[in-house]
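First up is the structure itself, then whatever we jot down about it.
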Amino acid sequence: MSSPQDLDPSDLAYLGGIDSPTVANALERLKLRDRSDGYVGGSVQCAFPELGPMVGTALTVTADNAVGRPARQDGYWELWNALEQTTGPTVIVMKDASGTPTRVAYAGEIMVTLARRLGAIGMVTDGALRDVDEVRAKGFHYFMRYPVVSHANFELSKVGDPVHIDGQVVRTGDILHGDANGIVIVPNESLRDIREAVDAIQTAERRDLDYLEGPEFTLQGYQRMRGYGS
Amino acid sequence: MSSPQDLDPSDLAYLGGIDSPTVANALERLKLRDRSDGYVGGSVQCAFPELGPMVGTALTVTADNAVGRPARQDGYWELWNALEQTTGPTVIVMKDASGTPTRVAYAGEIMVTLARRLGAIGMVTDGALRDVDEVRAKGFHYFMRYPVVSHANFELSKVGDPVHIDGQVVRTGDILHGDANGIVIVPNESLRDIREAVDAIQTAERRDLDYLEGPEFTLQGYQRMRGYGS
Amino acid sequence: MSSPQDLDPSDLAYLGGIDSPTVANALERLKLRDRSDGYVGGSVQCAFPELGPMVGTALTVTADNAVGRPARQDGYWELWNALEQTTGPTVIVMKDASGTPTRVAYAGEIMVTLARRLGAIGMVTDGALRDVDEVRAKGFHYFMRYPVVSHANFELSKVGDPVHIDGQVVRTGDILHGDANGIVIVPNESLRDIREAVDAIQTAERRDLDYLEGPEFTLQGYQRMRGYGS
């Protein structure tokens, strides 16, 4: 497995003040990847949008529902050992490999409390989680498909290995930025230029909004401003 | 394309005061169409139920995620030109044609602000939208499957052409009535009789509720009231 | 059909004070069934989490959308007659058999009002319901996949027959316990021992949380406490 990377405190503070679609737009401007790459798909939903942006580095794990035998505990403890080695903030990304994601919750209050103690600030899964009231009260981020009431016979493995989450490859160490709109991955190589790109996006959006809401607005004028058909 | 039709202000005000299931029931009473036709399926969910009923005429467009080339801008501007020609209130209905609706948001704050300026009050899609906090704050209706953080390489086309939205054909000019329960289409030919039909529904429901909650209630009595087995 | 069973008032009061994941954990401790059995899958979502736990016995029914003919009313009235024979609290469990669950709502305000009058406290379906604002205001539980605006040409049948709801067989008379996290089935044979099992779970969780949040915490210490690798 690759080692989770640390986020620079100033990058962290900066990113925490920006919403995820603006981050996505800024990254698009930097042309570091295909426009259809770099974010988690919408089936993974923000459970606690009132918490605002989640910013942290991914620690990946694969989650399954063991059949016909006791679940192995090795991966569970391997996850916590790996988490302890991060300096955080860390987001635990749990890939559902059960094939029946409606039937198993991969974490709840106890695991969240342990995760927080070890530096995690959120969990992301294309499966399910539980104890939504208790976890919301802790200010811990949940991104999931839906809650499920039972943890069934869940089993964790492949700590640190890359996973697919609704169309997106997520690697341990990836910087994740998520809010009510979803989760975008912030490439390390973008950190040098992202402030400038965000500034450019915000300036352009402010200009657009001022014009769109202002007294001079015409559709043709806006079309010209956007450089279409010129 | 057919031209969006205008809603009479008095019809608009009237319909805005009624919830969508009552409209659906009233239309059913008028027997203008099959009972399983005339509404958008439940995978398209109301994002801001606190806004109350959305009433407007549809302006349809097809939305895709262009692959391997820059997205064409023609459909984008064609949409706004068509919207400008409506007198509103208009609801933009965006059909997902990407095949990966979890991976692309078809509109956000900028497009919503432009849409409002041109007379739109809401957007409906079997795909995704974004900037949910900003759009909610504007009082603009979103009906969608889920939010998605990135607009990817979205491309609009076929402005004004009929679309399928979760089992329902929606045509430009269709009157849409939506709330927390979903979206029903109000046929033009119903407008003459819908007040009477709503009155009849509300009277019947009031009668039922009074009986169901009243001191005289028996199940057999209610069965008789509803004309079953008599 | 089997006859709905009554919940003992003291069991009912007791269960109403516990959240559903704790019930699920306690039942797991009693080893009465496979860990992947005994709860409804996450596609069926709690619509009104603010109501707290729903505890009642299931009354099952199958729901469809009749095509090309008037819906038969017999099953509808059979449901209410069966409900009247229960002493409640009862949860009506509606299995979607339409194959198009996004296109038909199986109940709304009128049916809920009748259901309440006859002793029901909630409805659970792998399909859709409607009138969410009115039903929320009544404090009546809805667990469903999504709201749908129209009841289409819905038809009820097979009152009391067992149904599958997202991976779970539900039988009339099953004790259901549901909250924001989902719905767990409480076997009758667990009622004698469940208090003790809940106490054991709560004590263990309290111990874990105290340690996880306390000054003595180390990951190795927690690992020992949980008996791993010893």
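Should a chain be cited, it is by its letter among A, B and C, assigned in written order, with residues numbered from 1 in that chain.
Here is the rule we go by: a residue touches a chain if its C-beta (ideal position, glycine included) is under 8 Å from a C-beta of that chain, and two chains touch if they have at least 3 such contacts.
Since we're looking at a predicted model, the values are computed, not measured.
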| item | value |
| --- | --- |
| Both-way neighbours, i.e. chains that touch chain B and touch chain A | C |
| Same-site or different-site touching of chain B by its copy chain C, using the half cut | different |
| Angle of the C-alpha superposing rotation, chain A to chain C, to the nearest 5 degrees | 120 |
| Gap in Å, rounded to a whole number, between the CA centres of chain C and chain B | 31 |
| Chain B residues counted as touching two or more neighbouring chains | none |
| Touch list for chain B against partner chain A, complex | 65, 67, 73, 76-77, 80-81, 84, 100-105, 108-110, 113-114, 117-118, 128, 130-133, 145-153 |
| Chain B contact footprint on chain A (complex, rising order) | 19-21, 24-25, 28, 35-36, 38-43, 45-46, 49, 166-167, 178-184, 205, 208-209, 212-213, 217, 219, 222-223, 228-229 |
